[in-house]
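Read the structure below first, then the notes.
Labels run A, B and C following the written order; every chain starts at residue 1.
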Amino acid sequence: MPILEILDYAGVAVFAATGALSASRKQLDIIGYLFLASVTGIGGGTLRDVILGATPVFWVTNPIYLVVCAAVSFLVFFSAHLMESRYRYLLWLDAIGLSSYSVMGAAKGLAATGSPIVALVTGMLTATFGGILRDLLAGEPSVLRRPEIYVTAALAGAAVFTAADWLGAPLVVASTLGVATAFAVRGGALIYGWTLPTGDPRPGRNPDDVM
Amino acid sequence: MPILEILDYAGVAVFAATGALSASRKQLDIIGYLFLASVTGIGGGTLRDVILGATPVFWVTNPIYLVVCAAVSFLVFFSAHLMESRYRYLLWLDAIGLSSYSVMGAAKGLAATGSPIVALVTGMLTATFGGILRDLLAGEPSVLRRPEIYVTAALAGAAVFTAADWLGAPLVVASTLGVATAFAVRGGALIYGWTLPTGDPRPGRNPDDVM
Amino acid sequence: MPILEILDYAGVAVFAATGALSASRKQLDIIGYLFLASVTGIGGGTLRDVILGATPVFWVTNPIYLVVCAAVSFLVFFSAHLMESRYRYLLWLDAIGLSSYSVMGAAKGLAATGSPIVALVTGMLTATFGGILRDLLAGEPSVLRRPEIYVTAALAGAAVFTAADWLGAPLVVASTLGVATAFAVRGGALIYGWTLPTGDPRPGRNPDDVM
């Protein structure tokens, strides 16, 4: 199986697992697991395909991705009670999904346009969109707004992949480097609480006070 | 008028009415009614068409759907004060919209791909997306997270329609069975508070406590 | 440079600036600025292109728009501390973006379909979508739900542009009239607190009380 296909299935499966864990935290029923797992698992890739005009989107032309989401939902439904901290699993699986999709998104953007800038943006957007949707639909505080770096990891993975590809590295090497970079950055942020400096240290005032 | 077209207009009209009722609950002006009614009425079908690559989407090629949304907005704007409980109307109209769109979404997905799995997912997603958008934009608690079953009803409607169609039932029979199933499931949930068992009984801890 | 292209760049740049200001209010790092500026800057036009089937979307075929978003992000990152009230800047830049995009969205909708009703809706949706995304992702109260008129301004701009074009006005005249109308309406609303009458004066009850 080619490397990009492996990354795609891995991204869908682990994002689906984070959606199912979120459903578990919210004490939903099995259909709630299926819904959140599907939306999180296929959301990022769907946005990528729609933006690039690659429609019907990937899971319509190849429904095996949906079977993966359903299988993951049942697995988590019957095993979540064994986990001590579901949120910690969610964050680490999200890190794997983010890493896979940052390279997948960049690779598809690069293949469609040849533009490295577009590759960075499709990598960044599609790696983060599944998690954004999950948190929005589950009513969790968005992973985007946690203090540790998040989007940066996706951007780093997409950048390393795109640069390695541009330098002539084989696809499997460029992909591995990209995924490893994104995961190292996000994993380091989760373990050590890495942050980047903020722009303006003043917090925003309440909109009503400003007017 | 063929059955699927009737379901489409019905879905748009009743979802538009729920958007207008939501605008009324938030005390918006007529343009707020038009906006929320349009987004709710055409949101689910727009997502369906975009995913399937059926663009320009349905209301661009046939703007009569927009006229329906506008007419419903004015109707609700001038009659909402007559209703005792706008939220109860909203929930029941939402149930009709969910039922219509679960079959419409499944039918379009099936026609485009021939895959029953894709039909289930396009049915489920397009039936629930209008209501998700409405609650998100209006700042209402999402109907997705109410305790009674919701997504399950959409899935049941899509499944019954797809199965009946696969068994060779005429379109009008398969559609009627699908709509009736979805409406019975959702209606029963609204009246009797039907729920499915949840996976893991532990509520999610606060993300900040976990890390 | 033709008028519509100028409006497009202007819309992207000022919406990107509002995204960056929102990132500043939330004390994000530079990548957070880039992310919010990109999503806000290109969100409305992306929705417009996807709905019309004009894919790959505009910034994929012409990545200079992404460079604009990045440049604006750095500019705001290093200058936001000089502003007394970032939220006031955000609202006024948002008004310029809304005005530009109400005409751009209407013009693209009209060119794609010839239908004035579609033009009104693509104008309204694309002018407001960037700001909706920004507030949703940044966790700000939605600009949609502020009391002063907002969507109305977008609708007015799209209507005046469409009417002028229909009456045979040259593109540059119709565009200027549309942008000026939208900006006058939204600017007046910001300064004088203009509102339209609401439909039903009763606030919505808590959903749990209704059932």
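What we mean here is this: contacts are C-beta pairs under 8 Å (C-beta built on N, C-alpha and C of every residue); 3 or more make two chains touch, one makes a residue touch a chain.
A quick note: this is a predicted structure, and the numbers were derived from the prediction, not measured.
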Practice prompt. Just say which it is for the chain contacts: an open line, a closed ring, a star, complete, or other.
Written response: complete
Item to complete: Compare the two sides of the chain A and chain B interface and say whether they are made mostly of the same residue numbers, over half shared, or of different ones.
Response: different
Worksheet item: Approximately how many whole Å separate the CA-defined centres of chain A and chain B?
Response: 27
Item to complete: Could you tell me which residues belong to chain B and also touch two or more other chains?
Response: 50, 55, 136
Discussion item. For the complex, give me every residue of chain A touching chain B.
Written reply: 22-35, 38-39, 46, 50, 55-57, 59-61, 63, 66-67, 76-78, 80-81, 85-88, 136-137, 139-141, 146
Worksheet entry | Touching residues on chain B, where the partner in the complex is chain A | 50-53, 55, 109, 112-113, 115, 117-118, 121-122, 124-125, 128, 132, 136, 142, 144-145, 149, 151-152, 155, 195-205, 207, 210-211
